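In what follows, chain A forms one complex with chain B and a second complex with chain C.
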Partner chain A sequence: MKASTGPNDASNWMAQARCLFLKDLRAELRTRVAINSVGLFAFSSLLLVALATRGLREVMTLRMLDLPIDIIRPADVTAAMFPAWSAASKMGLLWTLLCFAAFAGLAHSFVHEEEAGTVTALRLSMSPAGVYTGKLAFNLTLLFAVALLVTPFYMGLTGMQAGNWPVFLTLMLAGCIGLGSTATIVAALAAKARGSGALFGAIGLPIITVFLMLLLNAANTLYSDSTDAAAHTIKTVQDVGGLISFGILLISVSAFTFRFVWEE
Partner chain B sequence: MKKAYFIGFLVISLALGFTLWAFSSSMSPFVDVKTARKSSGTVQLRGLIVKDEVHPAHWDTSSSAFRFWIMDKNNEICEVVYHGAKPDAFDAAKGLSASGSMTRDASGKEFFNSDSLSVQCPSKYDSYKVDYAKKPSGGQI
Partner chain C sequence: MADTTAGVAANSKSQVPPMTGAWWKLGTGFLMIFVIYGAFFIAKGAAGFGESGDKARAVFFHVPSAILASVCYFVGMYFSVIYLFSSKRSTLEIDAKAAISMELGALFCLLATITGSIFAGIQWGVFWNWDPRETSIVITLLLYSSYLILRGALNSNPTKRANLSAVYCLIALVPQQFLIWAVPRILETNHPTKVLQNSGNTSPDYRLILWCSILAFTLLFIWLFQLRLRAYRLVAKKEAAR
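Presenting the complex of A and B:
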């Protein structure tokens, strides 16, 4: 006798998630609503940042405490100078930009189902685990694509350095996972409240605040010039690992609680 | 199903623990001198600025730092070495909190190494404060 293949069959949810992901991708490529809203927001804010910070990029600050007490040579003054706009704050602005871009477009994933009236069909044909995984995969793909396009432009416009490349790439990846998982569960909650965009931001704010704090800690560690290599490695593991674990935590909790959001 | 719940619970617990550990690095609690001595990370030492002739606040040219003394709630006195310029409101202020960690110099002398100060602004309403626990001594309207 063949095993059950109903919507709630545990062995079936991966195939369902794949189906939903491909359906969303196909629908998105057809209408390009999320791509346009995320892309438009990202590139218009990128242009604004580039114009607004044109003067700031050239400003240098003098760290008085690095100057020697006795005779000051021009070389000493040059050595004590550093850019006023630090790499860590550039990273902070990049993620502020990506956060708003994500929040502008990712709410669409669940809201669209509510608006099109396809929620009931989706609820009947798929398990909550399948729906959550499919939507998460779609949102993460969209976010990775945006980050992949925006980050090189941003780095070129602001002169942001990558620092340690493996750590930088891990940080970007962990950031995308954290932001994508936050946006997915918040979009599901907001869609239940008849898809208010303002509500999406309001519900997401407490989670996003924690995420941004962890991300800025990791960015500060990435660009810090610590002389103690061992302590710096531990700090990197703590901060970047914290960002990864935040994403894992959010995905795990969402996977367990999504059933209640979806079926209520 | 029970196995899935067990694995899920384990993953959530581990991820929560690691996230809290990472998040704790961005927090610096307010402590007294005794606790600051035991802490390994960055803390905020809060106390009253000691302004007497034995403990003068001064700019130390050898270490390019501003040195002064503060007294915590347990009346324990500690020297603070602040790597920055003297704050404008320092002379008028009664108390402050210094962010940093407890260290020792080459001679073994203990001090609080700080890179950030929050000076408590003196309130212009202080002289009008009324001690409500105390009964008025009298007077006529």
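Presenting the complex of A and C:
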């Protein structure tokens, strides 16, 4: 007879994480609350940005048509949203939208367990490592899905170019890991503090700002024109590496400290 | 009788230590007066800071504040690690020490932001130009504020407050370390660190005043830390007596 394994059995945590991930995924596919809220938040924010940058589009459209800038015709304004920003700024805006969307959607990953009263059951049957890994995997999957939906749409709408595709995709992947890891541990803290969404934003956004700084720097390198190919490659590896290491470090520290949040 | 008096004195000493070490506090005061006088009347200006080099005098107050802003975080992190991982020393007083360090860190960070902005205004003509180092110090201030906001939200449960704020201190260490080590290396900045690190740009009296200033600010931090800890112990004693 196989000896039963307790919730804190170290060898068991991967199976527990998989179990929690599949549970969350099944619940999500049933209701689609998180993906709908994150996706809708991202698209609504994009709409707000489109409205806010109306002046920029007017100027651009008139310039394209070679008309004096003081003449504004409604037909010109309805042209596609190609604001007069650099590609790196467009990337920055995309990640600002994704950050706020993720913070709106992922805040509920632990609050949901508290509200449903399933926290005690999870605590009894799973180790903190299993819970953290399962929640992180689910949040990352959700972010990848939203980024896959929103990014092509955003690129079509704003005319943002990918530049170097492998670097672009690595940057997007590193961005999702950094954002997902931050949102997961901050959501756990905010759920335990039983704070409002405002608390989640207040303690999470300063961390995210550093991550956005690194991401914008990597985006600047991605879209910069450099005559020295070797130096450009080194700078790209340095910047994207910095971005990836942010996510990995945050996951490592979170994995070390999550049990203190979970067992509180 | 003598034993009883000694016992009471020992007991009161263990709970609320008396004002000891006045000599070094007096010394800190005199050192600070010397630094303020020396910054304007003893030290010569530094090369690379305009014709007279007088703009470099802001450094005497900005650099120690910025160093202390980082040191306070490390002290807070040290007490947070002890609180979380040491079963023997995991007390609310250790948590209070972490919180005091973070509070003082926020204070020094605010001073570094203000003095840095004054320096930017006189050196570059604008008080704020979103230089990566300016952005970094503001984000550090935000990280300190977030820690204090989280503590404020958990005031009703001191144990939970201690646990969660210690975890947040360690989590926020990642971006804080990126701001100190990674950001200045991967982002281009106007911050004159390298100009000051080149000893040819500064005179010996300039370096003397700068080091004295760093020492004076560090002693001031220790003094403020002790004061806040005494205040915490008095409040804790009053609450325990109820």
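Heads up, the rule we're going with is that the second predicted complex is superposed on the first by the 224 of 264 C-alpha atoms of A that agree within 3 Å, B and C clash if a C-alpha of one lies under 4 Å from a C-alpha of the other, contacts with A are read in each partner's own complex, and residues count from 1 in each chain.
What we mean here is this: a residue touches a chain if its C-beta (ideal position, glycine included) is under 8 Å from a C-beta of that chain, and two chains touch if they have at least 3 such contacts.
From a predicted model like this one, the values you see are computed outputs, not experimental measurements.
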{"item": "Partners on chain A (chain B, chain C) - clash or fit", "value": "clash"}
{"item": "First (chain B), second (chain C), both or neither touched by A:199", "value": "second"}
{"item": "Touching partner for A:126 - first (chain B), second (chain C), both, neither", "value": "neither"}
{"item": "Chain C versus chain B, contacts on chain A by residue", "value": "C"}
{"item": "Which of chain B and chain C A:185 touches, first, second, both or neither", "value": "second"}
{"item": "First, second, both or neither for A:249, with chain B first and chain C second", "value": "both"}
{"item": "Contacts of A:260 with chain B and chain C, given as first, second, both or neither", "value": "second"}
{"item": "Touched partner set for A:140, first chain B, second chain C, both or neither", "value": "neither"}
{"item": "First, second, both or neither for A:106, with chain B first and chain C second", "value": "neither"}
{"item": "Superposed model, chain C segment overlapping chain B, candidates 3-11, 111-119, 147-155 or 183-191", "value": "183-191"}
{"item": "Where chain A meets both chain C and chain B, residue numbers", "value": "210, 213-214, 217, 238-239, 242, 246, 249, 253, 256"}
{"item": "Residue numbers on chain C that touch chain A, as the complex places them", "value": "84, 132, 135, 139, 142-143, 145-146, 149-150, 153-154, 160, 163-164, 166-168, 170-175, 178-179, 182-183, 186-187"}
{"item": "Contacting residues of chain A [partner chain B, same complex]", "value": "10, 64-65, 69, 210, 213-214, 217, 235, 238-239, 241-243, 245-246, 248-249, 252-253, 255-256"}
{"item": "Chain A residues touching chain C - in the complex, by the definition given at the top", "value": "185-186, 189, 192-193, 195, 199, 202-203, 205-207, 209-211, 213-214, 217, 238-239, 242, 246, 249-250, 253-254, 256-257, 260-261, 264"}
{"item": "Residue ranges of chain B in contact with chain A within the complex", "value": "1, 4, 8, 11-12, 14-16, 18-19, 21-23, 25-26, 61-62, 64, 83-85"}
